[in-house]
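Order of writing sets the labels: A, B, C and D. Residues in every chain begin at 1.
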Amino acid sequence: MSKVSKRVKVMSAQEAVENLVFHGAIIGMGGQNVTRCAVALAHEIIKQGKRDLTLTGCNLSIHMDLMVGAGLVKKCEFGLGGLGRFGATFQFRRAIEERRMEAEDYDHLTMVCRFLAGEMGIPFIPVRGLMGSDILKYQAPSTKKKFEIINNPWNQGEKVLLVPAMEPDVTIVHVQKADEIGNVLIQGIACHEPELIRASKTTIVSCEEIVPTRFFRTNSDSTTVPYHYIDAVVEQRFGAYPAATTGYYSFDADHINYYQQRSRAGGEEYKKYLNEYVYGCETFDDVLEKCGGVKRLNHLHREMLRLM
Amino acid sequence: MSKVSKRVKVMSAQEAVENLVFHGAIIGMGGQNVTRCAVALAHEIIKQGKRDLTLTGCNLSIHMDLMVGAGLVKKCEFGLGGLGRFGATFQFRRAIEERRMEAEDYDHLTMVCRFLAGEMGIPFIPVRGLMGSDILKYQAPSTKKKFEIINNPWNQGEKVLLVPAMEPDVTIVHVQKADEIGNVLIQGIACHEPELIRASKTTIVSCEEIVPTRFFRTNSDSTTVPYHYIDAVVEQRFGAYPAATTGYYSFDADHINYYQQRSRAGGEEYKKYLNEYVYGCETFDDVLEKCGGVKRLNHLHREMLRLM
Amino acid sequence: MEKVYSENYSGDELMAIEASRFIKSTDTVILGTGLPMVAAIFAQKTHAVGVNFVVESGSIDPILPFAPFTVADPIIGHMAVRTGSLREVLGCMVQRGLVDVGFLGGAEIDQFGNINSTCIGDPQSPKVRFPGSGGANCIASCVPKILIITEHEKRRFPAKVQFITSPGYIDGPDGRKKAGLKMAKPDIIVVTDLCVMQINPDTGRLELTKLMPGVTIDEVYKNTGFEPRLRGKMGEVELPTEAELKILREEVDPNHIYLKEFSKQPRT
Amino acid sequence: MEKVYSENYSGDELMAIEASRFIKSTDTVILGTGLPMVAAIFAQKTHAVGVNFVVESGSIDPILPFAPFTVADPIIGHMAVRTGSLREVLGCMVQRGLVDVGFLGGAEIDQFGNINSTCIGDPQSPKVRFPGSGGANCIASCVPKILIITEHEKRRFPAKVQFITSPGYIDGPDGRKKAGLKMAKPDIIVVTDLCVMQINPDTGRLELTKLMPGVTIDEVYKNTGFEPRLRGKMGEVELPTEAELKILREEVDPNHIYLKEFSKQPRT
């Protein structure tokens, strides 16, 4: 991973995905549920038709569902796939039920521990979950070795579960602030992303704002991850839409519900959604325009500020 | 460790040490070299004569040396014992050479990984160091099992070193800010302390300032550790003296050199230092007064601000 | 102040209130989406003012003015003492043993308190696929007191779940110990719209401990896929007070995210 | 600009400058206290402006106006892009494989590049106890290029160190691999006041590659406890330029923390 890390990494989503995402890649998924999902970057991966992907993260959400719905995903390795109160991620659910996609279930703690092992450069890590559950009993056909149980060398007779490090090929995350060399600030709940980013071989970050490096150098206690881990910085305001970005805008419940209707209906209905909102939009700004434009975005922005 | 965590924990150093430190305890040592050493708390432990202690941390420094010099320490388990450019920690060095104290050597990475395992509630963790070194060949007589080497279940033939979790009984740290229930802010380099504090069964924190809880609730991305891990909050300005506290005051090179002279001389010379600067001072404010009082402290404060 | 009980409540409302009664003021509680969130915030606003919440997404001791939409809703970090990461909460608190109470839910709950939130049918090509564990397995594995709030339907309470996502007592009193779980004997409490069931650590099975007002033991048995033993003389769940319902409706879930607006239809 | 070489330098000054020449502008370097700090900051102020530093105490890419007192001196966080923790630097960067160059030092260095910074004599009751590893072992284990700056004395260069604190090639070309170290063939470069020695990965031994100006091979051998093989035709370390010395003295270590003030006594 030794790379020339201190250089300007600002580029378009198109360039970033062209340069870094490849067919068959393991994609680390930032974002959870309705917060900071890397939707703009997921759209770009779909438009470029990067296929045979494995998606990994904790709560795989709408950006996962879009990529699954576009037929690009062969496997998910995760803690949970779903949209909480908005219901199931229907593309995900159906792809598993119809055996078009493998699901490798873990839980959130185990996944974040796998990223922790990845970021620390160690091959595996013990975790105190999963024992006695059927999550250990079943594994996806393509998984080589899901876990190992050993005796605790410091307490004979105690069984300890080991899980392997996970180092995604390319991680996509959406954050509040980044600078042009790739320093990253996540505001509010950070979920599994500090570990995920540092565990990944490469990372594309989309951000609400590109700020001067000076911002990080004068707030260095707050920097979430330094530039060494980042390979591309994409400036995309509202890049998590229809999910929320803490401090910037709330999630768009109406659009998520609309997506869920189309996704639940499936078939042509879903294709129409993809055609209209993904393939049919040259840029993510066009998506935002189509979803209600300035008025809608200003509303979501006010909604967020009202909460702060 | 389930404790009633949300309560006012402010007390004097004397109360905190009386309540929480016991003979034979494993003491987690915050601070490193000349930064944020928990000197005021170490003084109090010495004055109360808590004995048969095991000290553990990464860079054990002047506060360790004082406790060793006072004859209270039976073992150190650490990454390094020393004062860098100020020279050896002579009490430490002599106590080992004269076989009055056990030394269990690890390195900084291994120690922080042991605290990481402790804070994560897992019994051990792999680490990619120490292999091939004599640190593995020797262990202190009282150590039961220093490490284990197993085959990597995911890569047969690869040997992986495991080290056991370390959960100190009582950790002492000095920080910039805390509130009355124990939320903690470390400013600047945090060294091994986030992991150390969370790994410890109890923690006493001394701080430069007690701030309202509101401070943490409105800067919640920056909080170093939340109150759940803290058992006592001691307000002590200049509590790291003669070490530095980032943002507050620089280290006092003159006093450290003076200490080193006394310590190197040893015997009566060293006893005189302890009598004058530790046993002979009722409070840590008295120590500060004796070391130059307001003039000296203001100077160190200006020295720090000049650097910022 | 005199308690003025009310009969004008919905099943969901009393479930949330009853669940909240198992939370103590000194507890650290890990929140889950749905009625658990309602129950926990209600507890904090009534009898357990000292309770503090942690949330898997990284929020530690937030002040929640009302029940947020999900555990990853940005409001979940509101006035927290720390907005950190999933590792800090599930790793350094839940796994570390600092959390006292956890909430779980699922598609199936069996007599051993095992929960299925993964799938019905063969996991490789399931008949129905659910979201999966999320933080649930880790909470089930490590937290000493588990609260489950769920509607009481027969298919939700089979003798044995089709997939153990979150272990209860697995297959009996020593099931967890045999499986290698350090937290060998957690308390498990199930609150439904018909009754309250609690695990007996000596048998590893759920027992019927209380009935919801007006519900009979027969009704419970008819709607359960196993036969929970009765624990002592059957008690009845205490009715909510008018003051409690007011707090629940106006402060805890004013936007009716989780609780439908109550209308005085007779409960069916 | 024409290079104007100077002969008015101290041994320490040229050691620092020569070591700095092994640092590239694209490198991430983990700093150590002492001459390593001087060498690294000098590199950044001269030929390697893009180089970035990380420090074990948690500072990532600080802007160091001058050489700080120790790696835990508060100034070490000056204008860093991140002031984090030891775990982030030694765990998530060094152990993770993101650091290109590390500096080490010690009481003894042997022909295999092994370093002793622990003790002389029996570790249980040593004749002399040193500080121990600190971050050194982890750097020696994981970083692909190791720079060592040290005075050249016979007792510092034994054939075999009394205690391997930081492994070089241990006992030969496959020593690291046999011991289980993933980074099996690091580059190790020793800069002394007499010469430069570099590891030959095929033999696992230090070889003499360059001499300091005016020093003979004989002098090196006389002051070394083993006989380093010569690598090709013996080169001479390039003299410092006047401009370099000015930067070193006025910008890198203006307070003479590490370098004594130079006075024009003839070097002995």
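The rule we apply is simple: contacts are C-beta pairs under 8 Å (C-beta built on N, C-alpha and C of every residue); 3 or more make two chains touch, one makes a residue touch a chain.
All values reported here derive from a predicted model rather than from experimental measurement.
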| item | value |
| --- | --- |
| Approximate Å spacing (C-alpha centroids) for the pair subunit A, subunit B | 38 |
| Whole-Å gap separating subunit B and subunit D, where each centre is the average of the chain's CA atoms | 28 |
| Interchain centroid distance [CA atoms averaged], subunit C/subunit D, Å | 59 |
| Multi-chain contact residues (two or more partners), subunit B | 113, 120-122, 127-128, 158, 160, 188, 221 |
| Where subunit C touches two or more other chains at once, by residue number | 77, 83-84, 87, 91, 95, 142 |
| Graph class of chain-chain contacts, one of line, ring, star, complete, other | other |
| Pairwise chain contacts, counting only pairs that touch as defined | A-B, A-C, A-D, B-C, B-D |
| Sites on subunit A touched by subunit D in the complex | 1-2, 4-6, 119-122, 183, 198, 213, 216-218, 220-221, 223, 225-229 |
| Footprint of subunit B on subunit D - complex, ascending | 33-34, 55-59, 69-78, 83-87, 90-91, 94-95, 118-119, 123-138, 141-142, 163-167, 170, 175-176, 178-182, 257 |
| Touch list for subunit A against partner subunit B, complex | 113, 117, 120-128, 144-145, 148, 150, 152-155, 158, 160, 162, 164, 187-188, 221-222 |
| Partner subunit D, residues of subunit B touching it in the complex | 32-35, 58-59, 78-82, 84-85, 88-89, 92-93, 96-99, 103, 105-110, 112-113, 116, 127-135, 138, 140-141, 149, 158-161, 188-195, 244-247, 250-251, 304, 307 |
| Complex contact set, residues of subunit D against subunit A | 26, 28, 50, 52, 60-61, 63, 77, 79-84, 87, 91-93, 95-98, 100, 142, 144 |
